[in-house]
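After this come two complexes, each holding chain A, first together with chain B and then together with chain C.
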Partner chain A sequence: MSQQIDARQRSYVHYYCPCPDVSKSNNNTGEDEEEDIVESIPDFDVNSPRIHFSTFPISKLYFCDDCHQIRCPRCVQEEIVCYYCPNCLFEVPTASVKSERNRCARNCFQCPICQNTLTVVASTEPPPPQPSASSNSSTSTTSGAPYYLSCGVCRWDSQEIGMTFEKATGLALQLQKTEDERPDVKEFDHLKDHFEKHLRLSAPSTTLPSSLLSIPGISSFSNRYGGGGFTHPQQKSDDVAKYNNTIKIENDDNLVHDLVQLKDVNQITTLTQRMNQLSDQPYKVERLQPQRIHLRTKRVKRCRSCRHILIKPEQKAQATRFKIKLVALNHIPKLTITSLPKLFLNQSTEIILKFSNPLYEEIIVDLALKKDETTETTEYAKIKLLAPHFNITPYNEVWEYDEQDFNISSKGRPSSTASAPKPDIGIYERRGNYTSVKIEITPLAEVDELKFPLLVTYANKVNDNNDNETSGDAPANDSSTAAETVSSDKPNTDADKPNTDADKPDTDVNKPKTDDTDKGESTPTTKSLFFWTVIGLGPVVNPATVKPPAPTRSPLTNNNSNVAPTRTNINSGKA
Partner chain B sequence: MEPPIVYYPRSEYIETDTGNKVSRKSVICGSQNIILGGKTIIQTDCVIRGDLRRTGGGHAVVVAIGRYCLLAKGSIIRPPYKTYKGIFSYYPMKIGDHVTIGEGSIVEAATIGSFVHIGKNCVIGRFAIIKDCCRIEDNTVIPPNTVVPSFSIYEGSPGMFVDELPECVQDLYEAKTKDYYSKFQSKDS
Partner chain C sequence: MPKECFAIGKRAVVCQDTEMKGEIDIGSGTVLHPQCKILAESGPIIIGSNNIIEENVTIINKYHIFSYSTQKNIHNIYINNYSRQPTPLIIGDENVFEVGCYVEGSKIGNKNIIEAKARVLGNTSLGDNCVIGAVCSTKKDEAIPNNTVIYGDHHNRRTQTASGGVSFNK
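Now for the complex of A and B:
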């Protein structure tokens, strides 16, 4: 049972994004553009070591409407729209992010020991209550202020390092002075002053978008490579006067002496603690300081090839809505494994894959294991697609409300009712906006993880209203510079190819004519897309040498009482 | 992998008019102070302490839970408390819609937003604020007073930010909780 649960957790359907192999496929398509469509589908190797970097669960993928192609986190461009503190959730204006060193300038601090958020606590001793002792209290507050930072996890508090605050608010401001006096900060400011003089001399030809200007050093970068000739700024940089450092690094003999004398490992900072205080990376625990919390960002995501926005969050820090959200989940069929029996060596097993259609149009799906093949035998398994061609009825919001209704497919569009009575081979179930199909698998090798590739090609009928969309695709086809536009075209079936060709001249020359021709044809155009998926099914078990779940449990239990039974089992298995 | 249908003995659960399913084997204290939004499942051995309310008279909502939430087996919901200006008091807790709280988790948060997944055996500290669209992995301890911002995954003890959630997490969690509710079916035993 525990093994089965394990297998269930380890099963997955990942989608392949060809972006890392863009350059490779680009060359191919450039040469043989006129070749057969099937030929142009790039090869896909599930056992390639790069697979983990180019396959993603559907939730992580985007869908570019313009390119009509899947986009993964690696082929989108990000732009920061908003900075905010993850603790107080206050938005920080872009202008002040740089001066505040990308950290919260309010009350949010990180524990130097355990990196958790600190809370401001008033001293346990209440401020002197007697009004007569006011003269005394004023002196006492200067020596020991009433507020300090305290960690709720490791019980560290800032009184340990003698850090106290007069007021409970604006703590960062109160620490500003000590922070500015730190040698590394001083040195950096000095360095900045030194070079800014020279940067000001070279004309600031900022061709970069303003959103990028907040990145330190980017303006100088653009001066060097973007604006003007190369020799001019080069000359300038040679003119920079010699820099003299203001701070001398203190002799660390004392530190070495102290470290040699250490007897307790807890007196030395851990690597994470040291790395968290990058400025001086102290070795001694008592020199650790609470750090202001790093800001987080909200980002716009763009398609790398057409620069269209795929994700646009709302500006406000606390809002979770998106103005634009083109995620793959809403555009391409979603595959889920619904039934996965235990896989035994040389035993044919049927698994069930559920395809759900997020679109408002009916789609036709074609499955293949390898360029037009529905059966495949590898060294690991023999796989047979029992239903390589099927349709899925469109998504309908009404179904959301009566999920209990089991006879929903009969209520669907006429097309679905027409197909329902047909004896569908390999179709397990049709309901709502999904179709479940069977796949027969015979494992041929005992492997830790059985996975196989699946090529999904789907086409949906686009109504005449959406004509603009298809014509919008046409110019992208023409360019054929970016690999993904090419590849998006390739899966088109021969039938619809003349259609897109017909569209091309229309978009260039005259629009009204196109409408006429389209109306004359009155056949709905089809849009199609293909993508590779990897389907992981977990481990294959050999029934001959199958062991009871006991030895596969944690090694701790193995060592004790379970040793004897496992041995006997192994013996019996051999016998 | 799609979750299987979960059957429960018909006699164990009470189903309310709004579709809440509450186990008779759970401990619900001060039920007059608890609001369930509808289609929320409270499973076996859960504890909800609606009786721990602010000192002082009058009717007050102590625990408000939204729609399509799941309190899995053995989870404990307890309103947070603190001593403010020398007075000890409990404070109300609010949980949004489509929230899953895993088996054996203890929640003492001030607010939990919508579309939140809390794993198994977690401890959510007092007055923690979990914003919308978050994921707390199994066996995580969120310390008291922590703020978990939207679209973050927290893990470990103490819970730390480890990753961001994708943008479509709202749709995912909504589908998941609805799916779980529709597959949580009664069976005569």
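Now for the complex of A and C:
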């Protein structure tokens, strides 16, 4: 969770993936088990230390079409499709990955100083005496090797360490000889030979997929854990003959002496530079060598519980398309914090949360802080969802192009009229495929990070009546009238609000009622799904002039703060 | 107010839409692309031969504070005295100023490359064959020795081999 470390990115919406408890609730996907789902909602504690490992930003999540569940990077299985070099995009056959040490075996090197890609440059021999250039040219090309590597960023070039090449292609091959002669490489090869004998003896035929075989040591691993009955070969592999090293690398005693006398930071290698040259990790800059670029992989990702493929890239290294791409961004409502004023202690603030619908169907969203609760008072804050129940119109590509016409769309109307009494309480804005809602927050403690859980339950509306209605309602005139009616509704809802504020039981009674009406209408074809999110709002500030916390005054201030933003709303809507 | 006076050498190209102010001397073969600014505010700017100055480059000879003293005036109020000396900004030969870079400086040697959006600040002087990498900047008022390369997002420095400079002017 690197996002939480950075103070500027303190506000976030993270989605919870229940993957540790995956076995519990992956079966009830049918449409008739609405109640079951509600009952099976697991408890969710935002303050548990585990939360950091099971919540993710939506960009990292997948959505399994079959289980109807969010899948996080921890609950997908990966399989390697192909290995390729990120620089030359050459696809390396799986068989040769191991022998090429997982690096590009052609022309791609990274700079030992700044880790950027190096380019091959033909050395422009300075033509020594200008008049006799023609006679000299033949000797100069034959004497000095004409190609070297050069870094465009830090201007390092391989001539500095005396590395030049005869030809411009197959540089890695040309370096192979010198690389093979290095003592550490020799020693490793020797070591590998030594152990490979034992591995070959103890490894019977493996049944692993070929993509995994290139991983060093995997065959012995599968032998130990997969092949159950083989006790004899295992015993054999344990009594390995004693290894005698062939080469001794002496410690350079002068190194310490040299390091003591260092005066300039640039004379010593940085940690990244050393880590990029793992074999010898030199301290001296002169001993840094260009390294071949690491290969990358393309991977298939599968859902761990149903084995369906979530991500399948194109086989070719050049192609960036995906054959299958079930990312969460395209399947579940996206939450974004659009307005987050500074949070002051004991001061009620309204934040605005935007819900976007990526689906081509209208969805109905229910929010809750706990199971069926829209207000909650913890030791840190009092949180109130002003719009616990609302709908979002379907996604439509056209909206991405024209910004003006979809102000309170025509498709929003039928459902808003249908979803009975007060549809627009706490709704800040309704546009295109998103709806912004207000949440009222009163921080009660001074904390570095105020966060609260939010249970989002959403139901797809895929019933036919609704579709007919929307298609009939399409003309632009209607949409404008819809806009007017909604905006004229606003004062009413404002008038209602003090009531709902004053007696919460009343709202609690109201809420199930609206739920029922809606569900009654759309149960035949709805799929109801839910997920938990954690919404982080950043630090709570204690205002310098500490006001008396006077609880009696708070409803009054609440009212004021409620009225003011809605007024501005109406203005902005008209403008 | 310094006098307006341009001296432009042979084979030099000064495109339309360049903004030039003050006393400027441009050597032979130097190219000024459109939309670049040469502002000789406090002293003259002397540009050598075969430089390339690309679009949106600002080369400015700013007012530099050389001596600073505080005195009481007749009303017994402290005033600050800055003595401004018209020092020239001298740019050598075969430098490349890439798109959008900003150069204050007091002296720039030969064969330097100031990459795109790089900044040379204050009274900095550059030696020969230096590279100020893209979006990198120097500190204020430092003397950068020959063959220095400033690169990367941490403005790292290293010294390149003297022969390593690839000349882009050919």
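We take it that the second predicted complex is superposed on the first by the 372 of 575 C-alpha atoms of A that agree within 3 Å, B and C clash if a C-alpha of one lies under 4 Å from a C-alpha of the other, contacts with A are read in each partner's own complex, and residues count from 1 in each chain.
One rule holds in what follows: contacts are C-beta pairs under 8 Å (C-beta built on N, C-alpha and C of every residue); 3 or more make two chains touch, one makes a residue touch a chain.
Bear in mind the structure is a predicted one, so any value in this text is a computation, not a measurement.
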Chain B versus chain C as contact partner of A:266, first or second or both or neither: second
Chain B versus chain C as contact partner of A:340, first or second or both or neither: first
Which of chain B and chain C A:86 touches, first, second, both or neither: first
Which superposed partner A:157 touches (first chain B, second chain C, both, neither): second
Which of chain B and chain C A:114 touches, first, second, both or neither: both
In the superposition, chain B vs chain C on chain A residues touched: B
Touched partner set for A:327, first chain B, second chain C, both or neither: first
Chain B/chain C common contact set on chain A: 114, 153
Residues on chain B engaged by chain A in the complex (per definition of touch): 1-2, 125, 131-133, 143-147, 149-152, 158, 160-161, 166-172, 178, 182
Chain A residues touching chain C - in the complex, by the definition given at the top: 113-114, 121, 126, 150, 153-157, 159-160, 266
Residue ranges of chain C in contact with chain A within the complex: 131, 133, 149, 151-152, 156-161, 163-166
List of chain A residues in touch with chain B within their complex: 8-9, 11-12, 59-60, 84, 86-89, 114-117, 119, 152-153, 296, 311, 313, 318, 320, 322, 325, 327, 329-330, 336-338, 340, 354, 400, 403-404
